[in-house]
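Read from first to last, the chains carry the letters A, B, C and D; within each, the first residue is number 1.
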Amino acid sequence: MTQKTPMRMQDKIILRVVSKALIPPILLFALYVQFHGDFGPGGGFQAGVIFAAGLVLFGVIFGLDAVQEVFPPIWVEILTAVGVLLYGGVGVVSIMLGGEFLNYDVLHLPGPMHGQHLGIFLVELGVGITVASAMTAIFYFFAGRATKR
Amino acid sequence: MEAPTPHEVEVVHRTLTDHLPILQVIIPLLAAPLCVLLRERALVRGMAIGVAWTCLAISVTLLQHVMEHGVISYAVGGWDAPFGIEYRIDLLNAYILVVVSAIAAVVFPFGRGGEGLALNPARVHLFYAALLLCLCGLLGMAATGDAFNIFVFLEISSLASYSLIALGRGRRALRAAYSYLVMGTIGGTFFLIGIGLLYQTTGTLNIVDLHDRLQPVIGSRTVVVAFAFLVVGLGIKLALFPLHQWLPNAYTHAPAKISAFLAATATKVGFYVLLRVLFTIFGATFVFTTLRLHNLLLPMSLAAMFVGSLAAIAQTDIKRLLAYSSIAQIGYMTLGVSMGNVDGLAGGIVHLFNHAMMKGGLFLVVACVVLRTGSAKIDDMAGLGRKMPLTMAAFVVGGLSLIGVPATVGFVSKWYLVKGALERGWEPVALLILLSSLLAVIYVWRVLEVIYFRERPEGAKEVGEVDATMLIPTWILIGAAVFFGLRAELTSQVALDTARMLLGTGL
Amino acid sequence: MSDHGHGPPSVAPEKVKVIVGFLFFICAVAVLGELLPSFHPHEHAGLEFVNTFGFHAWYGFLSCVLLVLAAAQMRKLVMRDEDYYDRD
Amino acid sequence: MIEQIPPGLILIVGGLLLPLMPKEVRKVLLVVLPAAGLAHMIQLPTDHVLAYSVFDYDLTMVKVDKLSRIFGIIFHIAAFLTAIYTLHEDDPVQQVAGLTYSGGAIAAVFAGDLITLFVFWEATAITSVFLIWASRTERSYKTGMRYLVMQVGSGVLLLAGAIVYFQQTGSVDIEPWTDLGHHQMRGMFAFDSFGEASLAQLLIFFAFGIKAAFPLLHNWLQDAYPEATVGGTVWLSAFTTKLAIYALCRMYAGSDVLIPIGATMTAFPIFYAVIENDLRKVLAYSLNNQLGYMVVGVGIGTELAINGTASHAFAHILYKGLLFMGMGAVLYRAGTVKGSELGGLWRQMPYTTVFTSVGAAAISAFPLFSGFVSKSMILTAAANEQHIITFCILLFASAGVFHHSGIKIPYFAFFAHDSGKKVKEAPLNMLIAMGIAAALCIGIGIWYQPLYDLLPFDMNALHWVPYDTAHVVTQLQLLLYSAAAFVFLQKMGWYPPELKSTNVDVEWVYRKGLKDVALATGRALDVGYTTFRDELFGVAWGIVERIKRWHSPGGPLGEPWPIGAAAIAAAIMLILFLALGWL
């Protein structure tokens, strides 16, 4: 939100106001899609994309620096990795508990049903994190090239 | 498809060995994000090497297991085939897994850190992450028994390789990566369309299941169209002439170490998937009797052999020369397939293994040269025979193998190919195989002539031998090319068994 | 001896005369050898003429004369320069 | 254990190891190896057999009987004497070639089957050619090539014959002789006329015929022997042709066709010998003539004739070797053996003169010299079997032999007109070798019984006495009147002078005739070809250029296509693959 950014979109009041109003619901919707994904339509991939879309919108309107202040590139990189690790980690844990890779049955806290629930939840979360941060990373990369020029 | 209910928790005690098929794939998959998190160069490099060697150990164990006990099936998530994703290891892909992980195990340690890659030191961890993802994709393609899963891993490996190629010097590397991306995407899409059509027809994605369900409808238009999309899509991936256009630039402009890794593995796995599609999904009868694929594949293979070799002769850049030579060598492999008999197919399969070793070794030699002289121009290699004797000796041996001199692996594969051609009654083809070997003599000799018989030009950069971290991997691959040339029965037996398996039951 | 050749005779002509004289002497003795009491010619059917008196003597003499004269004539037919085959 | 070593192997292996030794050791081994080989061979029992198998075939490496034994012994002696003779020279090439060559010949003599025989037959060809090449002149190189072609050709014929024979009979064993009664011997392959010969018999017959220098197949001998080194000719003179005589004896004994062939061989070379200027070539013609006697002996095939052949070969190797040694010594000292350039050397080389004269007397079959006790057997055998014309030809040739070998060689080299050359006596080792050979020539002529004991058939049963008055007197008449004829012709000035010349022989056919024809044909073809080539090359170059351009960087196949074109290629390929399903 600094004035120094060369981008001028933030100067346009409609864009600024509308996007400010829209970004929170977008992020919230992303979380809904994420956490509802194991029961209804949706899932980590869609959620990640939606979440990233919110960030991209923010970046487009308020500039790269602003969005990178919110979501620093180093975190983007780390979270990309963390998401994959979360996904894979669930598989590895299920192996360690005596099942096949990604066999959630064995994650039975109270029972297999809950195991399935927990497993899919964590896996989808991993996917969501990775997709969101990867998308953001791509945006950062291209936007960064544009700024440099 | 009605979804089956997940089965009740049954406490089956599995040992770590049972998980090897999946561990093979997820170890590099998880190591890649770890690389990103760790960031420390030495640590990342050490981990990548460790992962590669672990994968090699796993794949060798798998191969042994398959040879002794037969096919291994692993149900991911506990969902049995054909509903869940199945990892299915038989003789053929156990063999491919060994090739890929062995090449990785040798190539990853090559050179110190990012040396020779001209990488921004801050990006080295990303380089290794991409490399590991590429390995993961390649191993995944080989290990999985699910057609859609193949596509996923194909994309993982492809995306990783685009970024790896883009790491090469200059803008041309970017352009090469870009055109590879376009072509690769076309290939991937074709492959996906093919799978989609098959899924539409049969309702299954499991390869073995696909085979069974396809039999009643095998002659239908949908199946033929699916076949065409799959083969052309894969043709692009494995750089079959004239779908090879991405390859020369990609191999030329990628960092030499990456060229070595990709040349030795990527097209090989593509070839493996082609075999799977042709023989396991569609079956030899459909491919050779109904469609008579050889009518198209044979001329394409021969064209690949000759165009590749002739173009290799005319190149001025050593990496480009090797890239065109690769196109010719891929021609040999598909030629073996087009023969449709045990000897020919075994020749193609054994050439897959052999070419991985010799071309990997040769590209490593080039990596050494580029690192020392800073150029990949053939003319700039003048007089290197005296300056880098060990490296250049490796080039000589690799080159001889490329020609197919007895006591090298190149001879073994050509032997089976010629045998297969004669058995098929294709005497002219046998002759052409020998003739194209002569072309290989020319392009190898061209380089040797420069290396050994030309003086190093006045005022040229003073160069010396490379260090052990590069020499040892190079000579392991080149040495393997000789070792397996002398002990040909080690590889050819597996190839013959595999060929019999593919042609016999299709499984 | 004949006068072809290059240097002087390597054996003095008088000595040659003695040697030749001796040769003629033992030639005569050899023919007379057929008169020895122990001379029992081997009889072979069809080869009786071999046992006529002095057969080997005149046969040997004539053989050599004919051989040499024939060979001398043959020279006209077969003799070429020393480098005959080396020329192209 | 020691019986497991085939005869000849000591010489071959030892010979091959020779280059690894220092000079002095080489020289010692050169002499010791033949002696050791002889000692080893002698102790092998007469019926010794050494079999081996290659793949599934049972072959016989060694088969010892009295015939192979006598040839084995004389080959060893010849190798021993030649080794001494060549000691003054230090040329590892000749030493190795000489030893392996003699070893190969010995091994061939003991071969029990045609395949083994073939192997060593070719071995003698390949090793012996180095003795010619060792002269290291352009001329000797060409001669060697011609020699090699003939010798290897002989081997190829032998192999072809062996293969045909194997197909017919399923065996390649060399069978023992058969006795047809009347003491007539038949070799395994014997036939009486070409009409009744099988293909295998014919092939092998010509294989042997080449090495035995049959008329029209003989010219390699006169071509090659004078071109070899001083020592090389001595090596060559002993083995190749006598190996062929042995083989004929073993396989074609009693073949009537051999009698006219042999008779021709005795007669025609002596005409050439009379007019030849190169004295080593004279000896080569004379060698050819001597082989004729043996071939006649083989053809007659009676026990007496076979014994005569074997003993004549034995004696012949010694005196012919001695004569070649003498001429070799002259060549070594005087630098030439052209009759036209020599003369009067007897003062400077007295020992050589004496030894050569002994050899000349032996070849002429003077009583008390070795030729007499062996050659008369063959003549008698011919007379016994009523081969009247043959007998007369042999008699004529005997007179002729004395003429060219007995008189011409010593006369033109050592006597005649003084050439003015100032030379030294031959080196000591040459003199020793010549001395031993000369002693053997005389020794055998006087104490012939040890030689007779070695012969294949019992001499006592044949009632053969070499020295009776009739034999001695008639032989002396023949020789002395030949000498008289020589004196007579010289006096009359009819004796053809020694002239620098080349006398054309059968070799003209391939060295000149065929060459000229080939050259003419070549020239004609060349004109047509040049025109054709220029046209063809124009077109071919165009194609090559186009291929090159297409595959070079920048050409459509030497450079990746733009992405669009590549994508279109993919689309076209897709269509083609789709077409597969419709066609």
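Everything that follows uses one rule, which is that contacts are C-beta pairs under 8 Å (C-beta built on N, C-alpha and C of every residue); 3 or more make two chains touch, one makes a residue touch a chain.
Note that the structure is a prediction, hence the values are computed from the model and not measured.
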Centroid comparison with chain C (C-alpha atoms), farthest chain: A
Rounded Å distance between chain A and chain B, as computed from the means of their C-alpha atoms: 34
Distance from the mean Cα position of chain C to that of chain B, given in whole angstrom: 91
Geometric centre distance via CA averages, chain D-chain A, whole Å: 97
Inter-centroid spacing, chain D versus chain B (mean Cα positions, whole Å): 63
Residue numbers of chain A (touch at least two other chains): none
Touch-based graph of the chains, sorted into line, ring, star, complete or other: line
Chains that touch, pairwise: A-B, B-D, C-D
Residues of chain D that touch chain C when the two form their complex: 139, 270-272, 274-275, 343-344, 346-347, 380, 383-384, 386, 388, 391, 395-396, 399-400, 403, 414-420, 468-470, 472-491, 493-505, 507, 511-512, 519
Interfacial residue positions of chain A with respect to chain B in the complex: 77-78, 80-85, 88-89, 91-92, 95, 98-106, 108, 111-112, 115-116
In the complex with chain D, residue positions of chain C that touch it: 1-11, 20, 23-24, 26-27, 30-31, 33-34, 36, 38-42, 44-47, 50, 54-65, 67-72, 74-75, 78-86, 88
Residues of chain B touching chain D in the complex: 179, 182-183, 186-187, 190, 221, 224-225, 227-229, 231-232, 235-236, 242-243, 245-249, 291-293, 295-296, 307, 310-311, 313-316, 320, 324
In the complex with chain B, residue positions of chain D that touch it: 547-548, 550-553, 555, 557-561, 563, 565-567, 569-570, 573-574, 576-578, 580-582
